[in-house]
């Protein structure tokens, strides 16, 4: 459970190959493949369009207006990680800017997901370090009170355990539990396999009504056509 | 009035030529030409910048978390239509993605306007299918309960009747009643006719205060200048 | 104090050189250099990415749904000014479009900062006139009731006195009191001077924990490491 | 359609007996009896708890920050009416206070439903004039620009035609089209008839699972029990 | 201007008699008497209904999640004061509970106005200490970083200088500059003087349209009556 | 992890005596006693003031607009439980009314905590069944798609495991992990033990500054007094 003032150094990360396999499917497909769970709330938006990444979660929990733990979590980053940050209460402050991004990147982090604000977004965009956040804010923070690193956190409505697989793109952010990564990647692949065929049929004017055989169930459910 | 479980196949669409004439004026001008009514709320935003379209409304009303009717409305699309979608309660789910967009486009739809979420926005952007929505969300939906197609709906605070003209651009979305389309296009043209002249004067440093003869009425209304 | 119906023609503007020196530092650095005060709320967003400006404030206070004073403030603009607009109550209407932008630009304004909506954002983007606003809205306004020009206003949570320095970029908007402009520019320069060195160290994998000597204070504050 | 500057004096009101019959069922039951449509958004809240009313709608559309039409609509009130007020854009101003309430009450109005703010709520509570509103605000308004009375409006997401039946209680506000009032009252009565029996069974510990025979359909839908 | 880390001990308070005279008029009347300015945003709500107070402002500015300065401001309270608290960024934490209320009350404070959260609202209600706040939240705070006391602050969109008169009731909170207190009380008295007469006329069925002679100006403004 | 379509019948509930001991302390004290974690977001509000309860969580996860699982969870309630309900996406629908409350109460439930809407609040208040919810809404739901019962859920930003202790009052809702219940109750008791003494001192005019010996640390942190 949530406890403040603790840094856990040992994280059982999701299998790298499975995590890496998830990014190309995108958030919507992974979320469907998992059974429509695991999504962060839609207020989490990328600071620039087009980034599509996956990685293993290192988590950090901080106090409102205090980004001290950002420096602590930096040390726990391993290549291929995504830092996932939550605050103990609603906060829009700018916890992260270009200096921290330089540090995170040097440690091998692929992205930051934070349920608060970020700043220096122009510089972050130029250096190609993607961030998904609640907002953009230049508001500075203090460094006064410890939080925790690598404990389970709730970020934007989703439970994140250290080591979970995180997938993020223009549609948002989804969390895949570490031991679901492989089967979710497989399910996503299966899901995508027959999408090309469907797309071709729909592009030629076929209707989902026929392709998915929906006419009968819609009629049974009471749908009526009138002129 | 709003009734669930009904698909109306016959729609009296606004005159095509008038509808097509409206897009180039843009939303702000059309809205002014109509007498400052008909706008959807400003939370409706395009998924990518720069699209500017007009079309005739086919409407669809759905339940929270259920996009079944998206497949039903696809069949009712005629070339030049814009699908306008409302939900019976507040919902941010992703009702629409690239497969449905492929289908809508194949049927001749010019855009989607939806008071809920959309997903696959990267793919939608690449295929050039414009969407105005409340948010972006990867959240999937079920297909369990029928709604209605081509009934009057309230979308983002605006009443939309099937067949109405819809104009959308970076400023938002405006609804023009079907039988107002021609006169609104004329009024918009008249409005724009003398804008070039005004723009030139203002660009040369002239003041609206003088150009619009506002000094006297402002004084009468009590405005005072002090040093 | 706030008074309606008054236009103050005399403004003691912040020193031009100091104001011009502030833009390159960006909002986050200026805000830190001032002691973490003076920021507008993070809902203030640029209508297009990449603009970074500073200027001296001319202020305008308007009624909800009434942009009459925009024409009055235009006359008070001097080259190098930024117009800062507040409304006496929450309002999302589109107070400003391409005609007013043409006028403001011709008078020498560098930008508009408005705690309400703007429209014609495509045209504003094309003409390169930057605006920071609460939202985008095509909603038109009336011209019926006078407000005030060049009085102290509260805009997006920040106090703005006429003549104050305004700095705005992708991170938001910050207000520097006129007589703080010089010392804030100096403090920002000092702050930035050693950032290059820090950035190089962090890029090579050094940790903030060591660079800022945080390990001891974190331990004192009770932080514990576990495996 | 929405047109500004017009007062319609003739309203075809829903049948009084049917309208009066609706109040005791309450909003939730009436909304279900209508087929789960017609509700205003849940941000509409009563200024005091416990009021439960029904009446016929007289509608008024106003500009942001301008309550001039409140005086115009007062003249159109007949005993048994409920005034339903919408604004052409989002506004939180206080359009209505104790003087207007005195006038409305004297004309026979039963309540006000307004998609904006009200003030003098202590006095309104003491005089027992119920109001459902978006917020409470002391913010005053001007009287400068005409709106319209007794045109169709969209209020808090619901279409309201003059003469429609309005029912409001602690759960919110529902709109019943004038010619649906009678059949909706009948449907609500039928719905309530067997509620007493259900309530007694549930109170004695019976489960809805059995009472509504849900076990089989839940199983078919895939629900699994585990220990 | 805003500066952190400073406690100003000397406050020039508004004249006590004028401040005390303001409470009975209520917020709406005082706000009108001042010329419709000075209101805090309508999200500021009382924790219990019915309180109506006025007092002189002692101000406090705090960091997000840090209520240390609440103890500092307590010492600066004089009998008849109202503490007005702002945070340097958006925060919903519970900065104030029953122990601090006991202290404030003992020092002579009449109320707290805070642009953040409060807790122990049941106890505060029982002890009759009124609070106007953004929200109720049990979230605790740290005591780590100094803010300021008795500097000008922006609270819920309104500028508050130490010593200003604060009036609060069920309609919200209004700020009267210290040297406007007397004339505002006089204006409010004048305003209220003829309200009784108006109320009686309206109660007997007279229309504001006639009482305020609005028919002619409405006609001039273009209002049309139709059947 | 979150999985849809599953009902877990076996729940390891927190020890009853410890759970019952927590209610009298109230949410703010319990939250402090736990180390300032475990709180739900402050938008969770009671439908009526004054209720103060504790109980063991039975959890339910539902789809937007679908309350079918409310009937499934009813069967899993044991006396002393509190039902905690989450939705897979943002939803304001009215999932719960007086019939379900009758059933829950008959099964021994002490309260409902739901991150969505409720209805029949007048009846719920009269029958004394307390509910903490995101909003009040009469909006009805369908019964079409299974969710889950007694799986870990995120409700209003807080992780809730089946069997956890839930404490709720006018300040909000806090979650205590099942195996923390006893020690949290003890810590809360210790915390409250010396509050009476503090309260008496503060009531007599003593300052927290002195009582908590804050003058020295404030000075060290840089606080300055000026006149």
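Going in written order, the chains are labelled A, B, C, D, E and F, and every chain counts its residues from 1.
Heads up, the rule we're going with is that a residue touches a chain if its C-beta (ideal position, glycine included) is under 8 Å from a C-beta of that chain, and two chains touch if they have at least 3 such contacts.
The model shown is predicted, which means the values in this text are computed figures rather than measured ones.
Considering every other chain in turn, the ones in contact with both subunit A and subunit F prove to be B, E. Here C-E and D-F are compared, and the pair linked by more C-beta contacts is D-F. Taking each chain's centre as the mean of its C-alpha atoms, subunit D lies 31 Å from subunit E. Inter-chain spacing, taken between the CA centroids of subunit B and subunit D, is 27 Å. Centre-to-centre spacing of subunit B and subunit E amounts to 41 Å, using the average Cα coordinate of each chain. Listed for subunit B are residues 36, 39, 42, 88-90, 92, 137, 139, 144-145, each touching two or more other chains. Remark: the chains found to touch one another pair up as A-B, A-C, A-E, A-F, B-C, B-D, B-F, C-D, C-E, D-E, D-F, E-F. The part of subunit F that touches subunit D in the complex is made up of residues 5-10, 68, 70-72, 74-75, 92, 94, 97-100, 102-103, 105-107, 117, 119-122, 125, 135-140, 143-146.
Residues 1-4, 35-39, 41-42, 88-90, 152, 154, 157-159, 177, 180 of subunit E are the ones that touch subunit C when the two sit in their complex. Of all residues in subunit B, only 63-66, 88-93, 137, 139, 142, 144-145 touch subunit F in the complex they form.
Subunit F meets subunit E in the complex at residues 26-28, 31-32, 36, 39, 42-43, 45, 49-50, 52, 169-172, 174, 195, 198-199, 202-209, 212, 214, 218, 221-227.
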